[in-house]
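Below, chain A partners chain B and then partners chain C, in two separate complexes.
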Partner chain A sequence: MRNTFRKMLATPYALFMALFIILPILLIAVYAFIDKDGAFTLLGNFKDLANEAALPKVVKNSFIAGFATSAICLLIGYPIAYYLTKAEFNRTGVLIGLFLVPMWVNFLLRMMSTKAVFNVLGIPMGMGTVIYGLCYEFLPFMIMPIYTTIQKIDKMYLEGAEDLGATPIKAFWKVTVPLSLPGVLSGLTMVMIPSITTFAVTEILSNGKLMLLGDFIYSLKAYNLNMASAISLVLMILLAISMLITNKFNKDGEKGGGLW
Partner chain B sequence: MVRKIVVRLFIAIILILLYLPIVWMIVFSFTDTPSFSNWNGFTLKNYIDLFTGQSSNASRIQEAVVNTLFVGFFTSLLSTILGTLGAIGLHAIHNKRIKAAYSTANQIPMINSEIVTAISLALLFNIIASTFQISGGTWTETAIKLILAHTTFCTPYVLLNVLPRLQKSDNKIYEAALDLGCTPSKAMFKVVIPDIMPGIIVGALLAFTLSIDDFVITKVNVTSFETLSTLLYGLKSGKHPLPADIKALFSIIFFIVFAGIMILYSPKGKAKEAKK
Partner chain C sequence: MEEKNKKNKNDAEYIIELNGLTKIYDGKTVVDHINLKVRRGEFVTLLGPSGCGKTTTLRMIAGFEIPDGGSITLEGKDIAGLPPHKRPVNTVFQKYALFPHLNVYKNIAFGLKLKKVEVTKKNIFGKEVTKLVNMAYMPVEQKVVKKDGTEIVKTVPFCRSYQMVTVTTKKGVKKIKKINMYKKFIDDKVKHALKIVGLSGYEDRDVNSLSGGQQQRVAIARAIVNEPQILLLDEPLGALDLKMRQEMQLELKDMHKKLGITFIYVTHDQEEALTMSDTVVVMKDGVIMQEGTPIEIYNEPTSAYVADFIGESNILDGVMPEDKKVVFAGAEFECVDTGFAPNEEVDVVIRPEDWVIKREGNGILNGEITGCMFRGVHYEMTCVAGGYELILHNTVEYKPGRKIGLYVDPENIQIMHKEHINNTLPVKFTSNTSFDMCGGVYEFKPAACFDNCEYDEENDVLRINGEEVALKGKEGKVSFEFDSIDMTDDEYAAPLAGNVESMIYKGKNYLVDIKTDNNTHIYADTEYLWDKFDRVGIKVEGDKFRFSECDFMNPSAEEAGDKTNA
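Moving on, here comes the complex of A and B:
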């Protein structure tokens, strides 16, 4: 077969993925079930986690921050994505670029500047400022997938709906919204889980008062990799479940419009 | 009409909020104060000190810039090679199961939480270090660790940028090159690679920017090293978290990034892209 040569080219990256993607994940699964001395323990690390005094608060804060961030990003991001697909607001396409530029500015720098601005304005640090920072960081990840799905919607559908008597508002709710759901879903997955597992944002914008899951895992890393692995395993399983649900919604197997 | 104004206003407010901290920082990079509120008159001192190495953090900044660029360059190189070869191979594979497994594994670092990827790599590096009796603490060892870790999360983006180019390009050209007597590797370099070059370049740039911007995976796996991100993180709890020279440095970086993205998204850039 003359294809053999090209197929062979997949090998180096396949080996790389086996070593640096698959093996590390297997290591997490192994470390979650052994103790510090390497002896097997089925629930030991999970029990230790449950006994961590800080964990309930971390989980509660993560839920609050995760849901608030996703909701705010969706409420702000959807209208922006929608109007940016309209030529009257985004004639040259430069505007969408303006929403993406902050993504390329180091997020620590953005968070620290935000904090400095809040300090000047006299705004106290707390959950509110943390959620603000998370929205700041993740808003583009909500806008992009929704923007690309709405852009792909065939204009004929909307014209058809209006020809058949729907008002523009009705056509929006009956055509645009349902057809853009895959974008909304991938936006939500790109905002919700990353926002609760990011670390440093909370620390900076709450003056170290609050902790989300990401900060918690990072703090565990210093003294107990087994517990860090156990909680990482739980997170990965939750992520896998949410991916399965998202994929179910996108029945036709078409991706909901990735970020790139 | 009213709707138009409201929408414009809404977009403007969000953009202002997105840019306010950055612009504020840039403005105060032109005055001689570490704070964000006391304007001391316009000066280029921060920028001049930065380049002459006289500012308070100059040596740390220089070290961090060198380390960051070094890791970024080799990450970009390695992930571009791996990702391009991977994309060409994946495109030629027709076995559905292998294809699905390959793309799924490729997507794991993009979907997985960064902190989880970071911990998983830390476990791997720990094992490698203890098996081969390496301390992992020297400059070279840290650099290699970071390059490998960064390549892990950058290559997926390269692959996904190259793959669509391959899907658009005509398979028959490669076949024709073979029929006309090219060896497969020659056909690859003369026909396939030039055809997908735009995708490769975008992938390489993306890998470079992702690498120099990374914080979570770097912070978890770094030992004796400072990158721009870890340098910033180390400054976070100071009285003035962003000293004057740091403001100047990141203002420069911002202008470079801003110019780059605006060129990419400008109508002219789009037209060029379309021609390709």
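Moving on, here comes the complex of A and C:
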């Protein structure tokens, strides 16, 4: 009786999931394999995709933006995350709050104001400004998982290293860094994937000059919903594969404090 | 106290000395002016219950805590200010602290790869300077055979030196192999350390795949491979189960003998301390209570606390009427102790196995057996004698109800000064009939608590020695006996509450140490058994207090002072 009731508690979410997660994915899968007239075609949409002249450039730009954003976020995010775990820097949690507060401001609003600032400064719009915007947007997603992993590292490992003759700097490189890799990995995934598939940021911060995969899909929806579905499906499969690899690499799931 | 036990030997035989070592956390003194000298190659155990400061002391030696006072002298050098990585000591942690991202081999090699050696080199100005460099970059001479067959000697860093060795492969073919000498050096050391801890062949194992005992062995190997001058062990066997713990005790003792390194061991397990150590240091509340060999600590405890903590014992209240005589449990015993004040109240300790059971009337004390239990080698019996409950160990069984006589060899009676004979605490008067003690306000009856005192209740007029005194705001000291305290489990029913810190059974009653919220100890006699950390209220009747050292009683206080001095 009790058990049944507990199971019933999951009903709202189960309904939500069915309606807004499973159904859309199924729709994408269906649309990817039918043509404009609704007839089944196994590879037609994918062939069209391969023939699309703009695609190689879009993919190239996406990867440049994705890798650059992840790298910059890691460079900025890791030291911040590390210092946030030090009690003396984050006694009240105010600092970590400061890094998260920008997320409370509407994302479009932030991008528009960033654009205005660039315009005033006379900085030309292009890849540089797009990467800036992406970093601005996704930096918290790098900080959070790294922060949680470093915070979970038992202080005794550092004491152990120092006891064995490591200076605090050596102990950082030989203990903290390797033990925080799971967090770095989730941070990279959480920054890379959305920055490749985002749209609007490029639209706003490159005046529509630059197109990433997200913008490409967005632009297709007006005239070719089937091709858009096909490319979405490909992206989903690629992401699933990369996630599997990450999970395998991060074999001590319980120790890592990642978000997955 | 510790100076007395040590014979005045040459200081050079001490490897480490702690002098007045003190650590304060948030205003609380955790380690309180500790003095300790450890001999080279000695196995010293710091023993005490949790919170007694033993681990903090060890962590100060390791360098993880910075002392708030005092010095740590290692081989004549004060190391109290050095960071852990510069100290020639290594620690075995209670929770092992093995690096989870490294395998067994890499865990053990961790310290070796960081090892620094002194190298004398000429700098660019031609001056000789001594620098500490990583051993991998230590310059060594290397024979190199040139293409034309001539041999030259070059100076190369240790990590790039090599030796040509002829090895026979499985197929029987002889081959010349280049062996890196630095790698071989580390390899040999790691393998040797693994052999010492009995884990040869475990090099490539993931540390998480090892059992607790194996992980502890790796932790020990990781520490001893660096050949520290002192090995610090912080409750290293605490996480192991009983069988494994006993085996590791023997092995550690064995390793200590083989390695000849000084061990400083921390534990709360008295049996472990007695089994393994050369010297046991018993600690309580950040202070060393007693220091000595396991046999000294067991046979001649200097305080009721140590006697109670180490092994089973009968601790009784007694009085020494004169030298070599002690009265307890209603009978007078001969003993060997001298130097006590006439009629001094003392604590008497008798180990259960030291009672000699005789026919009724033939002993010094008569009693009746009330309980008997078989404990393997001996029977453990309880006996009521002179109103006190005693524990006896004997290989002969005496059934409950049997009347016996008890005798103790004078040598086996251990007599100690009492740590406290009553509670004496500072107070501040809040009115003529109440005072504040440790934050609790107690009512008292002035007429019963002051000498030559009259109190007019209606007009609130207090006269002491004929002079009118207004007590409010005055300060002084109050004393009250242990047995004047009424402990209650309803903390709000009493002016002051505290937590039970420890209890000692005194045959008739328990002496309870209650720690109030401002860290003051109050001692109480009670018939009831309380549990450690129980929250209790402290009630005292208003006529049980005695006051002294109050500002308004100055003349009489001085008189009293003169008397004691004389």
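Convention: the second predicted complex is superposed on the first by the 249 of 260 C-alpha atoms of A that agree within 3 Å, B and C clash if a C-alpha of one lies under 4 Å from a C-alpha of the other, contacts with A are read in each partner's own complex, and residues count from 1 in each chain.
Keep this in mind: a residue touches a chain if its C-beta (ideal position, glycine included) is under 8 Å from a C-beta of that chain, and two chains touch if they have at least 3 such contacts.
Keep in mind the model is a prediction, meaning the values are calculated, not measured.
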When chain B and chain C are modelled together on chain A, clash or fit: fit
Vertex chain A; arms to chain B and chain C (CA centroids, nearest 10 degrees): 90
First, second, both or neither for A:Leu244, with chain B first and chain C second: neither
Contact breadth on chain A, by residue count: chain C or chain B: B
Touching partner for A:Leu179 - first (chain B), second (chain C), both, neither: second
Partner chain in contact with A:Leu42 - chain B first, chain C second, else both or neither: neither
First, second, both or neither for A:Tyr157, with chain B first and chain C second: second
First (chain B), second (chain C), both or neither touched by A:Asn119: first
Which superposed partner A:Ile169 touches (first chain B, second chain C, both, neither): neither
Least C-alpha distance (whole Å) that remains between chain C and chain B when both complexes are overlaid: 17
Complex interface listing, chain C residues touching chain A: 62-64, 83-85, 89-91, 93, 95, 97-101, 110-111, 114-116, 208, 222-223, 226
Sites on chain A touched by chain C in the complex: 154, 156-157, 159-168, 170, 174-175, 178-179, 252, 255
Parts of chain B lying in touch with chain A, wherever the complex brings them together: 4, 7-8, 10-11, 14-15, 17-22, 24-25, 35-37, 81-83, 85-86, 88-94, 102, 105-106, 108-109, 111-117, 119-124, 126-127, 148-149, 151-152, 155, 157, 159-161, 174-175, 178, 184-185, 188, 206, 209, 213, 215-216, 219-220, 228-229, 232-233, 235-237, 240-242, 250, 253-254, 257-258, 261-262, 264-267, 270
Footprint of chain B on chain A - complex, ascending: 2-3, 5-14, 16-17, 19-25, 27-28, 31, 76, 79-80, 83-84, 88-89, 92-102, 104-110, 112-117, 119-120, 136, 139, 189, 193-194, 197-200, 203-204, 208, 213-214, 217-218, 221, 225, 228-229, 232, 235-236, 239, 243, 258, 260
